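Starting off with a structure, shown below.
The letters A, B, C, D, E and F name the chains in turn, as written, and every chain counts its residues from 1.
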Amino acid sequence: MLTSMPLIEYADASPEIRAVYDDIMATRGVDWINNFWKALANDPATLRRTWESIKQIMAPGALDPLTKELIYVAVSVTNNCDYCLHSHTASAVTKGMTDAMFGELMAVVALANGNNRLANGYAIEVDERFRTPLAR
Amino acid sequence: MLTSMPLIEYADASPEIRAVYDDIMATRGVDWINNFWKALANDPATLRRTWESIKQIMAPGALDPLTKELIYVAVSVTNNCDYCLHSHTASAVTKGMTDAMFGELMAVVALANGNNRLANGYAIEVDERFRTPLAR
Amino acid sequence: MLTSMPLIEYADASPEIRAVYDDIMATRGVDWINNFWKALANDPATLRRTWESIKQIMAPGALDPLTKELIYVAVSVTNNCDYCLHSHTASAVTKGMTDAMFGELMAVVALANGNNRLANGYAIEVDERFRTPLAR
Amino acid sequence: MLTSMPLIEYADASPEIRAVYDDIMATRGVDWINNFWKALANDPATLRRTWESIKQIMAPGALDPLTKELIYVAVSVTNNCDYCLHSHTASAVTKGMTDAMFGELMAVVALANGNNRLANGYAIEVDERFRTPLAR
Amino acid sequence: MLTSMPLIEYADASPEIRAVYDDIMATRGVDWINNFWKALANDPATLRRTWESIKQIMAPGALDPLTKELIYVAVSVTNNCDYCLHSHTASAVTKGMTDAMFGELMAVVALANGNNRLANGYAIEVDERFRTPLAR
Amino acid sequence: MLTSMPLIEYADASPEIRAVYDDIMATRGVDWINNFWKALANDPATLRRTWESIKQIMAPGALDPLTKELIYVAVSVTNNCDYCLHSHTASAVTKGMTDAMFGELMAVVALANGNNRLANGYAIEVDERFRTPLAR
């Protein structure tokens, strides 16, 4: 870790930062803040914007919260983001992900990453019918 | 496209390739083969192995087929695989993806790709509680 | 293409650029320049440095030129660089790549891209014996 | 590591998992199992499918086993998969990779990763002759 | 393009979408909307959130707007996002990027992409002094 | 770390390697060598070529050295190269990067990584005016 970019604890936080921390804990129903937010707090504008975005995007909508966490983990595994893998796997478990679901999630992620390269390498043209309105 | 690596049509396919094509059409309940398989048919071993894998992995299990397609699209968008985006978006629509679901899928994918880099760039250590058995 | 960043043809090139073009053609035993170099010629320092690097690195050494082209294609497919895929697949064919080799190359690239994500997602620790001197 | 996703040792494995472990050891002529397989064993279907794929793809064919390992390492380095880098570098050494070969492998991988971005950034069009059948 | 995900023109836009379009044009001092926003308008929540983020982040601050565009282009080239490359290269030109700056930008991007892989492949440990407070 | 690929200290280096080390220290005005170079020294040709490239590319030009470091960090964060992040963040600090600049750099990098995927996923066509000469 860049030791000059410290994790900012609640006790040391400005009122502006505490307001975000309070909203995170209230929204999630927890009494602690994970390191992601303590690091972003070094830049309060990024802390607030990132929290507002995640709060809005990960809320229940056309997709349920567990499905959203699975998608988030799929991206994080593809990009090899260790922090995000751990934090969002934990979130997914909280929202109901079983070991069997995790296994299938990993299988799909590996399959897609492999097949993406087969499509790249064989330079395959998109089928016309995948481009037409009737396809969606 | 690499013009010396032709798409192999059913009429021109060997019995070995036709057997895979037949299984694809029967499994999916369609009467046509998309370009991905016609290109892989240049290497029958890869054609067969890739089909057997996708058939096994994308089947209903602990995760339903639509959720698997969403995960597949999330990976393909992250890797910028245009062919896979189009073919699996079409599959997702067939399995029930609405425009609202697509919009939320894209929003989660963009969010995760951005936040993965915040975690990388701030070099954030994984919280101890995300590593414990109780976290899952 | 960025139309204000034109491809610089031999006839329009400065002596500095022509010297690089001449060396490319002499080294490769061809009488034409591909678009990659004509684009880089907009920045002569990058043109020269990139050519000197590729000339040195892709020359026969502990690895033969065909193996080096296969490695180059593997990276380009992983990154989805369409230009590089086409130009280096063509080079690989010139150096002896058969269709069967191309098929196996794609199979290994897809496998590795998938398995990389399984290793990421399961967060697998490196075996101690892979870290010891005897392992290499 | 996700501590609730344990490494499954041979002594604790089901007959289904042991059958795969036995085949891995017999095929490779070793008496131990590396962590990759012990982690995948949490999902026996993925364990079996992944092993069958790697066994088929990495076997001698139009490309020799060492060349395949070099390609695998090239992909793993490009994707920054630390586990895969270590395990497949060890495999490559077993199959004859020298330090000089490793050095040239790394040089080609770095070159291609850089040049891929020059081609992207200058938005270079693929030369017509790279698209014709005669090019391959 | 997914033809069922149309570009939404100003004339066909809802008041909610028009409000964002109006702010984009006013902020940028232009009288047209580029395709990125017309596509995102299919999901008004994403349109608004994305615009608010980019408006906030790309504004003058500790870094000037041109430097921010150069950074944006560097990321887009690394990820091979063709749309983003073209739109943000155009923005950078508007803000003062010369051809010489573009050439150096590409050179740094290529260098970093290559050297990232040398650091990965040689599995180089971070120097202690890069981790100390004095280093920053 | 691959323990059989040792870091080569100045005291153990050949004259050829020492010449590069000396030039690194003289150019940078420091009295020590960081691990990147000590690892590359295992392949003297790569050591020399990489140093010559970085010395040429990162020198003041149309872009100032700090801007170049910011671009380098942006790429390294996008690729999740931990070594490069730490070494070039340290360099950027030496050249004047403040905490506020670092915060904005991270914000732009995250934004671009997210928006790259929105452009991919919505499969947005490049606006004609971004392709015309007048756009640059």
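The working rule: a residue touches a chain if its C-beta (ideal position, glycine included) is under 8 Å from a C-beta of that chain, and two chains touch if they have at least 3 such contacts.
Note that the structure is predicted; figures quoted are calculated from it, not measured.
Least step count on the touch graph, chain E to chain F: 1. Averaging Cα atoms per chain gives one point for each, and the point farthest from that of chain F is the centre of B.
In terms of C-beta pairs in contact, A-B outnumbers the other of A-F and A-B.
Of all chains, the one whose mean C-alpha position sits at the greatest distance from that of chain C is A. Inter-chain spacing, taken between the CA centroids of chain B and chain C, is 27 Å.
Between the Cα centres of chain A and chain C there is a gap of 34 Å. Chain geometry summary: the mean Cα position of chain C and that of chain F are 20 Å apart.
In chain A, the residues touching two or more other chains are 1-2, 4-5, 42, 45-46, 49-50, 53, 57, 78-82, 86, 89, 100, 103-107, 109-111, 113, 115-116, 118, 120, 122-123, 131, 135-136.
If you check the complex, the residues on chain B that touch chain A are 1-2, 5, 34-36, 39-40, 42, 46, 50, 53-54, 57-58, 61-63, 67-68, 70-72, 74-76, 78-79, 81-84, 86-90, 93, 98, 100-101, 103-105, 107-109, 111-113, 115-116, 118-120, 122-127, 129-131, 135-136. Looking at the complex, you find that chain E touches chain A at residues 1-5, 45, 49, 53, 56-57, 131-133, 135-136. Considering their complex, residues 80, 86, 89, 99-100, 102-104, 106-107, 110 of chain D touch chain F. Of all residues in chain D, those touching chain E in their complex are 73, 77-78, 80, 82, 85-86, 105-106, 109-111, 113-118, 120-123. The residues of chain A lying in touch with chain F in their complex are 2, 4-5, 42-43, 45-46, 49-50, 79-81.
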